[in-house]
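One chain, subunit A, links the two complexes that follow: it is found with subunit B in the first and with subunit C in the second.
Moving on to the complex of A and B:
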């Protein structure tokens, strides 16, 4: 059942290049998605109705639709409107949207968890709204949000496996390909699973470490 | 200035309120000492059907220390928060120095920031920024609102921290400081903008009595330098001995106002007598 040593050394270059694509999609989705989530969170909290409605729409669609549906829609659906994207770009857009929608909720909740007096003090000492956000609210809010954002990042990394459905040669596609060439599905997918775990488990340990440390400045 | 301070300490009961204020304001602004620094006209505030402030008229002279006392829910804190528009009032006018805001019209951002820069506020729960050092807490607004350089701001902050006796805490985080120290830092932070008036919203209510004393000592020193102060407080001895004027509020109205010793020792209104009796009986 287990892959033999020869098999592993034959498969590993393919699997690792798949893993590399998975990690690239994850990194880009997070780099774009989390700042996008911050903007969406501010949009949802904004006073202007139009901004609020637009932000809410993007958040609700991004959270409401399964990531798989977003992927399929952007890769297979958009071309009918004339917009054709490569599978890598489509994957990043779909997952960044998904990340933005979820992280906006995490960030919004974190911002709202900061005691009201912090905002009042910032306003009372003459900071304008942007400075109050930049120096007082965001540094505290993001610290609260950090563990949840990191935990979500692991989910997105695992979510890249969905990109197998839009022909992106990431880790699962590679394992599947090996399986269909050799009929050794079980060991190939097992090897892929171990590779996922080799990233996810240390990352989860990091999250719980960060979780313990976050907010400790208040008690120091 | 020092002469006036000595006067206030020893000979206050024999002076009228106006004499005391003239003495305080006189050295720097002779001709203008008569003009109130803060003027509230028919200030009102409602939460739904509930009237929190019911047409408050109030004048505070430069250098005056006004204590506002009264039962909970009387609108004391709301009044304070309306003065710097943390809570925008619904009706009336707020005038501080040259800035005048009409509550009926929407206040512009630049007007509001000018207003807030001339008013320092100290909160019951300190509200220091926990993620910054003590020094940054005091310097931040100087840099962002006054445009001072980091170096100048830090120098000024260190002066102010020494003044409240906490220069050695500059590099610590607020969470490491006691409540009394935190409140003194909050006073330094508010002073950093060189405000014309300082508002104190029950500054000692969250502190145990011993720590409250060190905050009161700082406030007393501040009063002696001629700072204009409005203090919402339950500290009756501060109201009686440090403030020039005491104002009693109940149900969103001013019940009684006058020189502090008169009001505290010989109140005229039945409502004031009842309140002071309740306080003393505790």
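Moving on to the complex of A and C:
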């Protein structure tokens, strides 16, 4: 049942390069998705009705539809409009959309958790809306949002496994391919599982540590 | 999109619902002994339960389904795609529900335990008569939002060939080359499915929340 040493050393380079693609997709999705989430959060809170509806639509679809369906919509659906994307680009766009939708809710909730007096004080000392956001509200809001955003990052890392369905050669695809070539599915998939767990378990422990630390800020 | 296409996608709906409910039920039941082990007074039991929960949550759902369907199914015992999906998603749901129960138990004020002790209730009676009924109400909103999350997670079962919504959408888009409409429709079905759960959870929550002492 377990992979032998020879098998492991033969598979490991392949699996590791798959893992590196998973990590690249994760990093890019977060780098694009979290700022996008901030924009969406501001859009939902905006006074303009059109902005609000557009932002709400993007958020509700990005959270409401499964990430798998978003991926397939972008990879298999968009080509019918003439826009063909590579599987890597499609993966990043879909997961960044998903990230943006979830993190906008996280950021919005934490912006709204800041006491109202902070905004009033910012207005009183003559900051305009943008400066109030930049220097007063966001630094406090993001501190509250941090643990939830980190926890979500782990989910996005695991979500890259869905890119198997759009033929991106990430970790699950590599393990599956090894399985179908050698018919040693269980050991190959198990090795991939160990690689996933070796990243997401320490990350989860780190997040719960940050959560405890950040809890002392949220108490005020 | 013709009505025939719409019905082709709708054929996946009962499977999505069955997968969601089956996995959630399995998770909600198995989560109870798991959280009991996680809170046990015996250190090794607590430790094993913690490791188990971490490992189950640390591996993506799609990989669990593959491990069960291809890994175990091909070498140890043959298993149907639907059963493999229920087993995999049920396992993940159990770990997540155990965490939800644990959070709910932790939110019960320790005065409740002290009061039970003062009334000379036993450990078991304290748990079943005092703490669990309140913890259930606290757990309800998180359990409901997890149910919605699980419903979306069932889409991964399409990769091992369970003919649920995402699977039907995939088939239809390959048949008609109209992926845009097909996947937009599939996404809409998932959103529509989550609405009644969200609504029920809000109603139940506002009805039950008043009865929690904190």
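Criterion: the second predicted complex is superposed on the first by the 214 of 220 C-alpha atoms of A that agree within 3 Å, B and C clash if a C-alpha of one lies under 4 Å from a C-alpha of the other, contacts with A are read in each partner's own complex, and residues count from 1 in each chain.
Methods note: contacts are C-beta pairs under 8 Å (C-beta built on N, C-alpha and C of every residue); 3 or more make two chains touch, one makes a residue touch a chain.
Please read these numbers as outputs of a predicted model, since none were measured by experiment.
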Simultaneous placement of subunit C and subunit B on subunit A, clash or fit: fit
Which superposed partner A:189 touches (first subunit B, second subunit C, both, neither): second
Partner chain(s) touched by A:135 [first = subunit B, second = subunit C, both, neither]: first
Subunit B or subunit C, by number of subunit A residues touched: C
Partner chain in contact with A:124 - subunit B first, subunit C second, else both or neither: first
Contacts of A:143 with subunit B and subunit C, given as first, second, both or neither: first
Partner chain in contact with A:201 - subunit B first, subunit C second, else both or neither: second
Subunit B versus subunit C as contact partner of A:181, first or second or both or neither: neither
A:81 touches, of subunit B and subunit C: first, second, both or neither? second
Overlay on chain A, subunit C to subunit B nearest C-alpha distance, Å: 26
Set intersection of subunit A contacts, subunit C complex versus subunit B complex: none
Subunit A residues touching subunit C - in the complex, by the definition given at the top: 1, 60-61, 64-70, 72-73, 76-81, 158-159, 161-162, 164-165, 172, 175-176, 179, 183, 185-186, 189-190, 192-193, 196-197, 200-201, 204
Partner subunit A, residues of subunit C touching it in the complex: 54-55, 57-63, 66-67, 70-72, 74-76, 152-153, 155-156, 158-159, 166, 169-170, 173, 177-184, 186-188, 190-191, 194
Residue ranges of subunit A in contact with subunit B within the complex: 115, 117-118, 120-128, 131, 135-136, 139-140, 143, 217-220
Of all residues in subunit B, those that touch subunit A in their complex: 84, 86, 109, 113, 116-117, 119-121, 123, 125, 127-131, 140-141, 144-146, 173, 175-176, 186, 189-190, 192-193
